[in-house]
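Next come two complexes built around chain A: one with chain B, the other with chain C.
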Partner chain A sequence: MSLKYPLLAITLTSLSITSTFTLAETAEEKGRNIMIEMDKRDTGWQDMQAGMQMILRNAQGEESVREIRMKSLEQENDGDKSLTIFDEPKDVKGTAFLSFSHVDKDDDQWLYLPALGRVKRISSSNKSGPFMGSEFSYEDMGSFEIDKYSYNFIKEEPCGNLTCLVVESFPKDKKSGYTRRISWVDNSEYRMQKLDFYDRKNSLLKTLSFEGYQQYAGQFWRADKLKMQNHQNGKSTELVWSGYQFKSGLDDADFNKNALKRAR
Partner chain B sequence: MSERFFKTLLHRPLLTVLAMLALIVFAAMGAQKLVFKSDYRVFFGPENPQLQAFEAMQKVYTKSDNVAFVIAPKDQVIFSPDHLAAIQKITTESWQVPYSTRVDSVTNYQYSHAEEDDLLVEDLVSDPQSMDAAELQAALKIAVEDPLLQKRLISPSAHVAVVNVTLQLPGVNPVEEVPAVASKVRAIRDQIVAEHPDLDVMLSGVVMMNTSFAEASINDSSTLVPLMFLVVAVTIGLMLRTVTGTISSVVIILTTIAATMGLAGWMGFYLTGPSAAAPTVILTLAVADCIHILATLFYEMRHGVEKRKALLDSLKINLQPVFLTSATTAIGFLAMNFSDSPPFRDLGNMVAMGVMIAFVLSITLFPALLMLLPLQVKQKQEEDSDMMLALSGFVIRNRRILLPAMTAILIVISLFVPRNELNDDSVKYFDQRVEFRQATDFMQDNLSGMATIELSLDSGVSSGINSPEFLQTVEDFSNWLRTQPETEHVNTITDIIKRLNKNMHGDDPSYYKLPDSQELAAQYLLLYEMSLPYGLDLNNQLNVDKSSTRIIGTFKNLTNNEQIDVENRIAAWFAQHAPQYQLTMASPTLMFAHIGQRNIISMVSGTLVALLLISLLLGFALRSVRFGLISLLPNLLPAGVAFGIWGLSVGQIGLGLSVVASMTLGIVVDDTVHFLSKYLYARRNRNATSEQAVQYAFGSVGRALWVTTFVLVCGFMVLAQSTFKVNAEMGLMTAITILIALIVDFLFLPPLLMKLDNEKNITSTDHSAQGAAHVS
Partner chain C sequence: MSFQQPARFLTAALFSAAINTAWADIEFSGKVDLEASLFSETASHSQQKDSNLSVLIQPQWVWQDEDQNNLVQFSPMLRVDQNDSNRSHGDIRELYWIHVQNDWELRTGLRKEFWGVTEFQHLVDVINQTDQVENVSGEEKLGQPMVNLSLIRETGIWDFYLLPSFRERTFASIEGRPSYGLNVSKNATYESSDKDRHLDAAIRWSQNFDWLDLSLSAFKGTNREPVLKASLENGQAVLVPHYEQMTQFGGTAQVIEGDWLLKLELIYRDSSSTQYSAIQTGFEYTLYAIADSDIDLGLISEYGWDERGKSATSIMQNDLFGGLRFAFNDEAGTEILAGVGRDLDFDTTSFSAEASQRLNNDWKISGEMRMVEANNRADPLYSFRKDDYIKGTLSWYF
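The block that comes next holds the complex of A and B.
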């Protein structure tokens, strides 16, 4: 088309540019809308479970592996509920962590320690520390809620074979370890392709990249591999996911203090 | 050939001046490439085993580069709402310091405690302004009783606090990284002090030390170098009473420094504390060449020789001795390449280069300048030759007493050399005028010092740090280390685990002990790690595999031998109690503890090589094996005596002093060369007796020797005023050595010659020593 009717092609291009302008959407709104779209496309999975291997590497090249299972229950008007069960290393096997994520207040968290035989409630507003000594913070692992951030659309740019929407998000939580994150979301399926984290002094701290997206339950995209590289200390952490299951009928009873003890 | 060269040179002085200046300008342009590396690590070569161990440890855990804000309220009360608010503000602001990865203070300390079945982990102080007296008292009690805080972040009587900022410097651009951190923390300090005038806030820590290296040197070059120029100008002006000579000498010195530093820039050198002293040292050494040439020139002109002819004569007469003394000086400095510490190699190479450049300029640019500028010589009687004659008379008369007396004095003083103890404390590299030193001394007096040993203990198995046996070993060791008299603070993971065990049992104090199963310890740590905020994690104490842990001991300021003794006792403890675990020890303190010894061993061989080369050169110049051997005594004794005096008075030797023997060797040798060559000239060419030859030597070079010695001693005494104590001590010791060398040459060498050389007259046709005949 463009060869035969170059003029038409130009007209169409300019039209599309004009239309972007005429919509008069601010960068903030556009950024937020992209994230809402991403969230919307990932709504309705009801419940989910998967296994995960966590591979930690330090700057010296030493490696360490941890294994956990995760279960999540989708919540309509609040943050999701999640249950994390630790399998490896052996000495934490059976430890289980229950979390009710909230948009407007601190999350509720309980931990079951099998060696102690007790469920302990953790009262802490800290979510920015490292998850199991990895380069992921609990903040990175927790469920994503639109209202926890404010947004800014930056640009559109190619990412691999796809085109990505680049959106900045600013956490509202004062205790966050970040000033901002920059996400690359592909414009075809609205999947997170890459995330840059900027620390409290706004220096690039970490980059999270997503590999091997697969679609589950005919709708939900999940990456097989997440790789977090810390640029400041040279350490990295890889998450390898397996055995994704959706809509297997979990309910609130699977996400309470009693469920914690049974979890192993 | 040299005569034709000098004739051409003086025939077109302007052309010579312009050509040399063009070369100098080109060389000097390299100076813009010369940058200052503000990093204590420059003192260690990449092959240094302690540095390698430390770098490896920093990769496994987190880096321990830091800045410490030391906060001292005038009313000595940290736990007041206002002062805690200030500390909290410093804590928050410190997250904005470039490359900061962690901030620790009494306010953000993660206080864990139990409340029924809940575990609470929160900032020890979150809202200071709303705290009442009871709450303040409770927080104070927790802080001063916590083994993790006490003496580290809060003084035992809670009158001084520290906010510790850990930094992860990329090390890509040390020229910008360290100053960026320093200017940010200073801005925070200034802001806090402006808001809280009742607080003293000082800055210590590794990064402040690094920045002080550069700042002390810059400070030096803006005070010491001008002072040095003044000394030189005044000395030459007073001694030789010539304006043209003074101006020309200053030009030679300036151009020598510019060309040397420029070439150093072109050659990719970087500046460090010691090598930044190069201009001062070069300045001092370059003067001697000019003085010798001027002295002969004036001598000739006073005897009615026309200027051009007098200059030519002076160049001809001085070419060999000036070359010889420059070469021996250069060899002495080049021997610093044996040093284990790169900055001293750089200093040696830069000065050697400068000395040779000074030689070239003083026989080209210098005569050309003197040719161009008006030069007048007053007919004036020398008053010092009488003084020199009196001195030689005294020496000759009293030679039978002087020889044994001087021998006894020199030997007795040298016996005190072993009283010197090695001590390289990087904090004491700066004197009390430096802000960093004041802050660190204050911190040392009130909390703990900067002397640390980091220990990594490896269990050898994944998650091994959780095993009860391993934890018990760490606990036993920590307790043992705390009982050592040198110990100020021990940072150990077992304190956290014990506290968690207590927290998990409703804060029952009887549970403040290690858990009895691996699973419990592992699950406590998992729980704890999940509740920590950004940057306050355990990655600085545990490796990723949780197979090894880092224990950090902080100690009182110790000498190197005491530090190495602590290191050996720690190793012995583990060999006896826990040989199954692999222990690694590393820290900047240990690096400095070993560098002195390593450097002295390597410098001994360097000095021996320099001595061999210089003796060969001397033997060749004096054409005599016998006098070459005799010259060894006056060349070696001064350093021995100087270190003896040091042993008697100061008694502590650091990195800077370990290079003094080799660097002074090349300088003191000059006096011996001049004296011996005149002596031999008289013996060989004038058929003089030993006594007459001594008298002749005194008469002809005595004055030149004491003038150059005076300039050198002044120059190195100026360097001794440096706030960077490595350079200051190096300067002081060099000044002492050079002064002693003159005393030895005047009071010991002549009686020795008269004793060893009094049997027969030497008759020789060789004129080798004539080349050195000049002056006065």
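The block that comes next holds the complex of A and C.
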């Protein structure tokens, strides 16, 4: 979640210069600029760690819970690196997942299976599949990169006590499970408040809502709770985050195959 | 740091780690398996039964210090088997200490180290001994005593291993199924006069590029795979394992391109009785979200070749494999893996299937079946031809 290329930084500068001269921004430029601003405000966190509880609810309201820990490392010229460790369900305890995300090509991903002591390279081309049987897909769990979408500004409207900028984004990846997403970003702190997902047939599939934003390291906003509601099958998944730590000194050595093998 | 007196160095290091470190927490977990097997054909031997019950207990303790520079793990196992006295056994799968610094780590103790990439056979994977009583698949391994220094460099990960002692392969007794039909003697013979105290050494380099994972390895020491020689012991016919010394060079490559994974393992092995090359290679192609469901289907095919041909001790000397892997991506983590193998020299066909499903956070059920159709006595798989089985396992995690 950072500016991925020097080129992008130049674009940003030239765009802001342009906007001082020409007041009329196209809807596409405005949408993109809002997302660039959101991304820019969330740049410079260096590294991040947190615990996550994933609560899966089916249409009958029955629950099952997954316990997951995540570590991420910000990369200046590429997508972020991340390490995900599963604590529950107990049968997958100790399973760990290493991912190097990229802007312009498929991510590199490895899975560690503790029962066999085996590190397995896995294909990352599965974007739309469910993550751990939840309503989040792999693409929802991946890191956000500006250039993976094209944009369109729709309108400004009230959202709760805030005012939100409503931006449509169209994934460029043909393997995406979505035709478009609509984001509600508040205009005070540029935090994602709500996200609607439209499936390949362009009907509303899911809504993700963000609750309990807190600011960390004096800059970075994180929601305590994310709720994904699937409108088509009635299932929902809630992510409850805890123990956020920023800038604790993680580096590349914490994100390689050796680190993956001893993730506990 | 010196490896000349590894024992002294290790003892000192372990003590200092234990004294200087405030262990953040000790984590206890594990599982118990209840297992039932049914055999569909009349047994080859009168001592063998048509069904079997078995219990496996596998606890695990993990200690880690606060800054995660030291980790100690202890994972023993104990199995009690209804019919096979050899299968009732215990082992320390893992008892090790890992000390981590920024660009290196030292792993000391009994460990499992996996080197392979292919699905149906792991030619390059020679550090651990196979625990064959656990499963004839060869995937279950005994803990190997080792000191392993792992260096992270720009050029890749460099692993150096010293393996100070050797563990003999486990075999089912004549009452066990599947079995070789003869008891395997406990009095193994060795080429080296150091017997099971021979100091083995290995080195491995691995590196990943965008679309390619590579590794090269070399191993010098006791061959984990014994030569089984027929003999008489107290008037009874038995198979006596003979462990030779060997040098093996191995390499693996894995190419990832979209939905394709291409895999290759190759070895050159040199021992006093034989020198040969062998290859296992193939692909896995995944179809995502088949028929608009959440189910992914992986299509797997591999070929195994051994230079020794029909005289190979390996059962995969000229064998073709096909497999289907279904991942349901559901809440229960349902998975099915089915495979068929065809020996092109001996016309043997084997079929295997595995499936598993989580019941809730604590319980899981799984099933496994294996069938062998063999008519040629020269194929090592021939001895398993009457041992087709179906096995159900109920696992409780704690």
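Definition applied: the second predicted complex is superposed on the first by the 241 of 264 C-alpha atoms of A that agree within 3 Å, B and C clash if a C-alpha of one lies under 4 Å from a C-alpha of the other, contacts with A are read in each partner's own complex, and residues count from 1 in each chain.
As a convention for this text, contacts are C-beta pairs under 8 Å (C-beta built on N, C-alpha and C of every residue); 3 or more make two chains touch, one makes a residue touch a chain.
Just so we're clear, the structure is a prediction, and the values are computed from it rather than from any experiment.
S.K.: Let's test your reading of the overlay: on chain A, do chain B and chain C clash or fit side by side?
M.R.: With chain A as the common anchor, chain B and chain C collide in the superposed model.
S.K.: Looking at A:Asn161, would you say it contacts chain B, chain C, both, or neither? Reply first, second, both or neither.
M.R.: Neither chain B nor chain C is touched by A:Asn161.
S.K.: Is it chain B or chain C that touches the larger share of residues in chain A?
M.R.: Partner touching more chain A residues in the overlay: B.
S.K.: Between chain B and chain C, whom does A:Gly234 touch in the aligned arrangement: first, second, both, or neither?
M.R.: Touch partner of A:Gly234: chain B, not chain C.
S.K.: Contacts for A:Phe86 in the overlay, against chain B (first) and chain C (second): which applies, first, second, both or neither?
M.R.: In the superposition, A:Phe86 touches chain B alone.
S.K.: After the superposition on A, what does A:Phe97 contact: first (chain B), second (chain C), both or neither?
M.R.: Touch status of A:Phe97: first partner only.
S.K.: Is A:Arg121 in contact with chain B, with chain C, with both, or with neither (first, second, both, neither)?
M.R.: Touch partners of A:Arg121: chain B and chain C.
S.K.: Touching A:Asp106 in the superposition: chain B (first), chain C (second), both, neither?
M.R.: Only chain C; A:Asp106 stays clear of chain B.
S.K.: Just chain B (first), just chain C (second), both, or neither: which does A:Asn77 touch?
M.R.: Touch status of A:Asn77: no partner.
S.K.: Should A:Ser203 be classified as contacting the first partner (chain B), the second (chain C), both, or neither?
M.R.: The answer is first: A:Ser203 touches chain B but not chain C.
S.K.: Once the structures are superposed on A, label A:Lys257 by its partner contacts, choosing first (chain B), second (chain C), both or neither.
M.R.: A:Lys257: touches chain C, not chain B.
S.K.: To test your reading of the overlay: chain B has the stretches 181-189, 361-369, 541-549 or 685-693, and exactly one clashes with chain C. Name it.
M.R.: 541-549
S.K.: Output the chain A positions appearing in both contact lists, the one against chain B and the one against chain C.
M.R.: Chain A residues touching both partners: 56, 58, 64, 89-92, 116, 118-119, 121, 123, 125-126, 128-130, 132-133.
S.K.: Sort out for me which residues of chain B touch chain A in the complex.
M.R.: 56, 59-60, 62-63, 95-101, 110, 115, 117-122, 168, 170, 462-463, 466, 504, 515, 517-524, 526-527, 529-539, 542-546
S.K.: Under the definition above, what is the set of chain A residues touching chain C in their complex?
M.R.: On the chain A side, the touching residues are 56, 58, 64-65, 88-93, 105-106, 108, 116-119, 121, 123, 125-126, 128-130, 132-133, 251, 253, 256-258, 262, 264.
S.K.: Would you tell me which residues of chain A are touching chain B in their complex?
M.R.: 56-60, 62-64, 86, 89-92, 95, 97, 109, 111, 113-116, 118-126, 128-133, 137-138, 175-177, 199-201, 203, 232-235
S.K.: Of all residues in chain C, which touch chain A in the complex?
M.R.: These residues of chain C touch chain A: 27, 29, 31, 62, 64, 71, 73, 98, 100, 102-103, 105, 111-114, 116-117, 139, 141, 150, 152, 157, 206, 208, 210, 213, 254, 256, 258-261, 286, 288-289, 294, 296, 329-333, 358, 360-362, 364, 395, 397-398.
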